[in-house]
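What follows is a set of structures for review.
The same subunit A turns up in both complexes below, where it pairs with subunit B and then with subunit C.
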Partner chain A sequence: MARMRKDYETSWWPRLRRWIDAGASPLDDALEKALDETREGHQVLSQEEAAEREERAEARQRLDRAREARMYARFREWRQQKGRRWANMLYRLLAVTVCLAIIWVLLETAAYLPPFGHADNPAHNEVSRRYIEDGMTETGAVNIVAGMILDYRAFDTLGESNVLFIAACAVIILLRLPDARDGSGHTAALLEAEADDRMYEPKNDAILQATARLLTPFILMFGLYVMFYGHISPGGGFSGGAIMGAGLILYLNAFGFKKAERFFTYTTFRVISVAALSFYAGSKAYSFFTGANGLHSFITPGTPGRIFSAGLIPYLNIAVGFVVCCTMYAFYTLFRKGDL
Partner chain B sequence: MTHPLWQSIPFFCILLPLGSAAVTTVLPGRIAKWWAAIALTVVTALSTVLMVIFGVTGAESYAYSMGHYPAPWGNEIRAGQLEAIAAHFFSLIMLLSLLGGMRKIDEHVTKSKHGLYYAVLLLLTAALMAQIYTNDIFTAYVFLEIMTISGCALISARNRGLNIVAATRYMIMNLLGSGLFLLGIILLYDLTGHLLMPNIQEAVRALHASGEYALPLNVVVALISVGLCVKSALFPFHTWVPDAYGYSTPTSSAVLSSLVSKGYIFLLIKIIYRVIGMDVMADTHIFNVLFVFALVGMVMGSLSAIRQSDIRRMIAFSSVAQIGYIYAGIGLGTDAGMMAAVFHMLSHAVCKSMLFLAAGGLADASGNSKQFRDLRGSGFRSPIAGVAFTVGALSMVGFPFLGGFSSKVNLAMAAAGHGGMRALLVLVFLAVSTALNTLYFLRTVITLYRKPAEGAQYSPERGRRGFCFNGALVLFICVNIGLGLFAPSIADAILTGLAQFA
Partner chain C sequence: MQALHLILLLFVLLCAVAVAMTKDLLTSIIIFMGQSLAMSVIWIMLQSPDLAITEAAVGAGVTSLLLFVTLKKIHAIDVKKKEGEGHGPDAEGL
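Moving on to the complex of A and B:
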């Protein structure tokens, strides 16, 4: 039988095999077998001899351990004090240098850009000219911004409202507490957190409640106005929705979750956002398809300035507004108590 | 202008998943799953039809306006051979990843959130399709945002502390990338006054010829390229990759590694050809930067992969190396290099998603452990996953008749055609990286087929993953082999598509 090298365990071939075997030693099986067999033919040491050997081995081990400990202590000290300080300093230095370099490059770039608001700028070309000059007659919207985002470039805005929706989805996935459907989902910690949050609800702050009672209807009304008149006056779905969301959050802060849940729950959120987005996607799909294929579309600009004009724009404003409002409110309540 | 009906396919491929995503959130989990699967099947079928039409008839690329207003005023999408190929592969991979990972989703995602998870997948599909077909750089940004946020949702869908950390890291790096990219397109709009790709290119050509705004133009190119590199995890920006791919549910890992990062790279290639233009891009020397980081990434990714003891993290680090291959192709700055990059994009996407799904199945058959020492013998306990992993590993290593072989040959040929120092560098790094790939992938395959550790008990029924999982993996194996067998014709088609791009 070939003899095994003394340092076989640490030579490269068994190390490779160990690595391939994912950590388990290839000798394990062999060793186990060897241990099972009774060892015959070995010279039995006397007790004194054995004790002496053990003592020697222990002394050697103690020495080794002490040396190792000293080495580790020194290394740890270096790492925690000098090394860490150096690394931190180097990191901060590099971070500051990189940031300053980027700031400098961007400032330098800004200095070379076309002057702000100059009439000869590249951005003042036939594209913006048509938006400004023909926007009202072509889209029927007096507010040309609404005409631009909801008619000329409605595809981008469709994507943008889906960005809001997917952000809400992501926050719900991350923060919403498991509900009854999840069975064992209600851990004690989650329930406790919820109870903690509700303990101080409602705040019963007289000034806040009086103000909120007075203001909330007006804020909601104003939000609706901004939304409905988005194609006639400055405003639109995004701003109107934000105002309405702010109004709802004010109401929630004044009167607590219990009262807010009477009219706004998770189901409300889902129904409103699904209805709004489906309407947006569906109606715009019709409009895109007819537009691309040159088909006749029953959507007409109407008389600019009237409330029922500008084709789909007012309805899209309402859809976008509700999505924005729901998303804002959902963000707030999810961050507060992990549910709607 | 009227289009024949088939030209509306890109429009349906974007609007169908977008419209069905919102509905998915209100459906109960089981129905949401099949609703999403059906929608993805329809998108895949439509994309296949479009690819076949382009391949058979050799049709020219066409623009399709989204609305009643012509292009520079309204939005526009555009479809050509390359777009059709990419859309076909992306939607197919999305569908197979969903089918293969369904059971794991049931296990990993809380029940009340299944509808949301599938909605996110559908929105991601819509965003990918829009990214592929868009002809407008701002539309690209909007859908890039959807891709970014959906990636975060996919990672954090599995409710564990590790996933939250991974999602946070992912978000920080990706938002940095989005910010740089947005800054780039804002400056570009300021310089050119356009958002439509061909119009920007015209203006950029004029600026380049006159030498006006040379510095801002360079900064724009740098911002856009670096932004997209950060998002697609090129080497020095890859630190979020192992956590994000390693800890999320297999479908999420498959989709993130093989589709989301590839979507950004596709956008970069589109910008190189259709927005900035190859010649202007080459004059800014950005290709050199990409090239250097790509080469370092090819080796560093593999070296990190060797040191892992967790199979999913190993595959994730291998992704870093493979992204390096793609950028090496781009960094050559030639059409052949771009073709190699696009081909590797496809072959890597097809292979990596299969590897992640198979690794999930193998871990399942090994008492839910992803450590190599527990995976010993799992190839016998979960046979189809074992075969799929082996095929994937061979493809990654570059075994003939598989996709990975052709993409390595393409890259080497492109480098040889380029000549000079770069050819030498690519060949050397390719050789080193391939050797390292072989080391860690074959080691894994050997581990899968070794005798399990003494006394380890595995419940046999956990190895049986059901019809969907097995079917998806078998289809994945077929796609991999098909990609290898039909590589020359696919490469030709990609070259035609790139010619249509310019």
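Moving on to the complex of A and C:
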């Protein structure tokens, strides 16, 4: 048998083996200490020697501690007097520098912008000329903006509506209370959420109710008008939907969830959103398909200025408007009580 | 007209600074609402009424409402200060 080193038990290989066998961590120095103690146990220390050693160690520790305390006191003094002032100054200096840098960059950028409304601007190219000159005859929409966003660039608008829908889905996933899903109506969590929600406001505010009773029909009507006339006058699906959503929120605030739930529930939201988005995607797929392949399409621009004109634009406006309206309302109710 | 335009722009600028400087979150939301409203008037003066409608409905209406509800949810509206006044927070309208 080969000779064993004296400190073999504490070298890395046996420690690794012990770790694998029994799970004693090699980084744990308790084991090493125990081994040291057993080794020291062999050299017999006299009582006085041990006491002397201990005393020396204690004195050293005391000295160390005193030095640390002195250093810390000095550091604290420095920090409270000079250091704080210095850090404050540095902070202010940096903040001002960053602000000035940003202001300078923005002003420099603004200085390079072409003059507003100038004929030679790079934005005045063949694209915008085409939109302005042929937009009305090609799309049938008097409101060129509607013709642009729902005909030339309908794909963009589909993406935007989907972004809204996905945002609503994310809010539902995050905020909808789990108890609301079993369909048993008002569960304890829902009631608690509603009570919590009512903490700051009176339940049936007379002024608010009278105002809402008067205003809500007009707001909804105005929203519908903006939506339906999106291809003729300024406005469109998004504005109309936002107005209708705001009107619904006003109604909900005035009359509470019970009355609002008579016409708007989770199912309503689901059906309207999905139906509107599917209609949008389907009808636009049809017009892309016929347009790209040069096929005959039954969608015609019609007479510009009529309510039933501009091909698909009014219907797409309505679809977008309903998606926006439902999303706004859903956001609000989900934020407030965790259910629609 | 030019003067009104200038006043509104200054108001928007002032509001934007005030929103950042205000300590109270509720106040800053209300200032934000005012800024949106002034902005929608500016949109009308720039001859884009559709943007004005959207700004009024989304900026002044729905966004601020969502912020209010969030404040309420995280209990950031300070009620303790107002509890001693008898009517409680209802007197403040929120």
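Note that in this section the second predicted complex is superposed on the first by the 217 of 340 C-alpha atoms of A that agree within 3 Å, B and C clash if a C-alpha of one lies under 4 Å from a C-alpha of the other, contacts with A are read in each partner's own complex, and residues count from 1 in each chain.
What we mean here is this: contacts are C-beta pairs under 8 Å (C-beta built on N, C-alpha and C of every residue); 3 or more make two chains touch, one makes a residue touch a chain.
As the structure is a prediction and not an experimental result, all values here were calculated from the model.
Participant: Look at A:328 in the shared chain and tell me whether it touches subunit B only, subunit C only, both, or neither; answer first, second, both or neither.
Facilitator: second
Participant: Per the contact definition in the header, classify A:174: touching subunit B only (first), subunit C only (second), both, or neither.
Facilitator: First partner only, subunit B.
Participant: Kindly classify A:245 by the partners it touches after superposition: subunit B alone (first), subunit C alone (second), both, or neither?
Facilitator: Once the two structures are laid over each other on A, A:245 reaches subunit C alone.
Participant: Of the partners subunit B and subunit C, which touch A:336 in the superposed model: first, second, both, neither?
Facilitator: second
Participant: Check whether A:234 is in contact with subunit B, with subunit C, with both or with neither, and answer first, second, both or neither.
Facilitator: second
Participant: Taking the superposition on A as described, I'd like to know which of subunit B and subunit C A:20 touches: first, second, both or neither.
Facilitator: After superposing on A, A:20 lies in contact with subunit B but is clear of subunit C.
Participant: Is subunit A touched at more residues by subunit B or by subunit C?
Facilitator: B
Participant: Go through subunit A and flag every residue that touches subunit B in one model and subunit C in the other.
Facilitator: Common to the two interfaces on subunit A: nothing.
Participant: Across the complex, what residues on subunit A touch subunit C?
Facilitator: Interface residues on the subunit A side: 145, 197, 199-202, 226, 234-236, 238-239, 242-243, 245-246, 249, 328, 331-332, 335-336.
Participant: So in the complex, which bits of subunit C are touching subunit A?
Facilitator: 48-50, 53-54, 57-58, 61-62, 65-66, 69-70, 72-73, 77, 79, 89-90, 94
Participant: Would you tell me which residues of subunit A are touching subunit B in their complex?
Facilitator: For subunit A paired with subunit B, touching residues are 19-24, 28-29, 32, 105-106, 108-109, 112-114, 121-128, 130-131, 138, 151-156, 158-160, 162-163, 165-167, 169-170, 172-174, 176, 178-179, 181-183, 185, 270-271, 273-274, 277-278, 281-282, 285, 287-295, 297.
Participant: Within their complex, state which residues of subunit B touch subunit A.
Facilitator: Within the complex, subunit B contacts subunit A at residues 1-3, 8, 11, 15, 18-19, 21-23, 25-26, 64-69, 72-75, 110-113, 116-117, 119-120, 123, 126-127, 130, 136, 138-139, 142-143, 145-146, 149-150, 152-153, 156-157, 164, 167, 183, 187, 189-194, 203, 213, 215-216, 219, 309, 371-373, 375-376, 443, 446-447, 450, 453-454.
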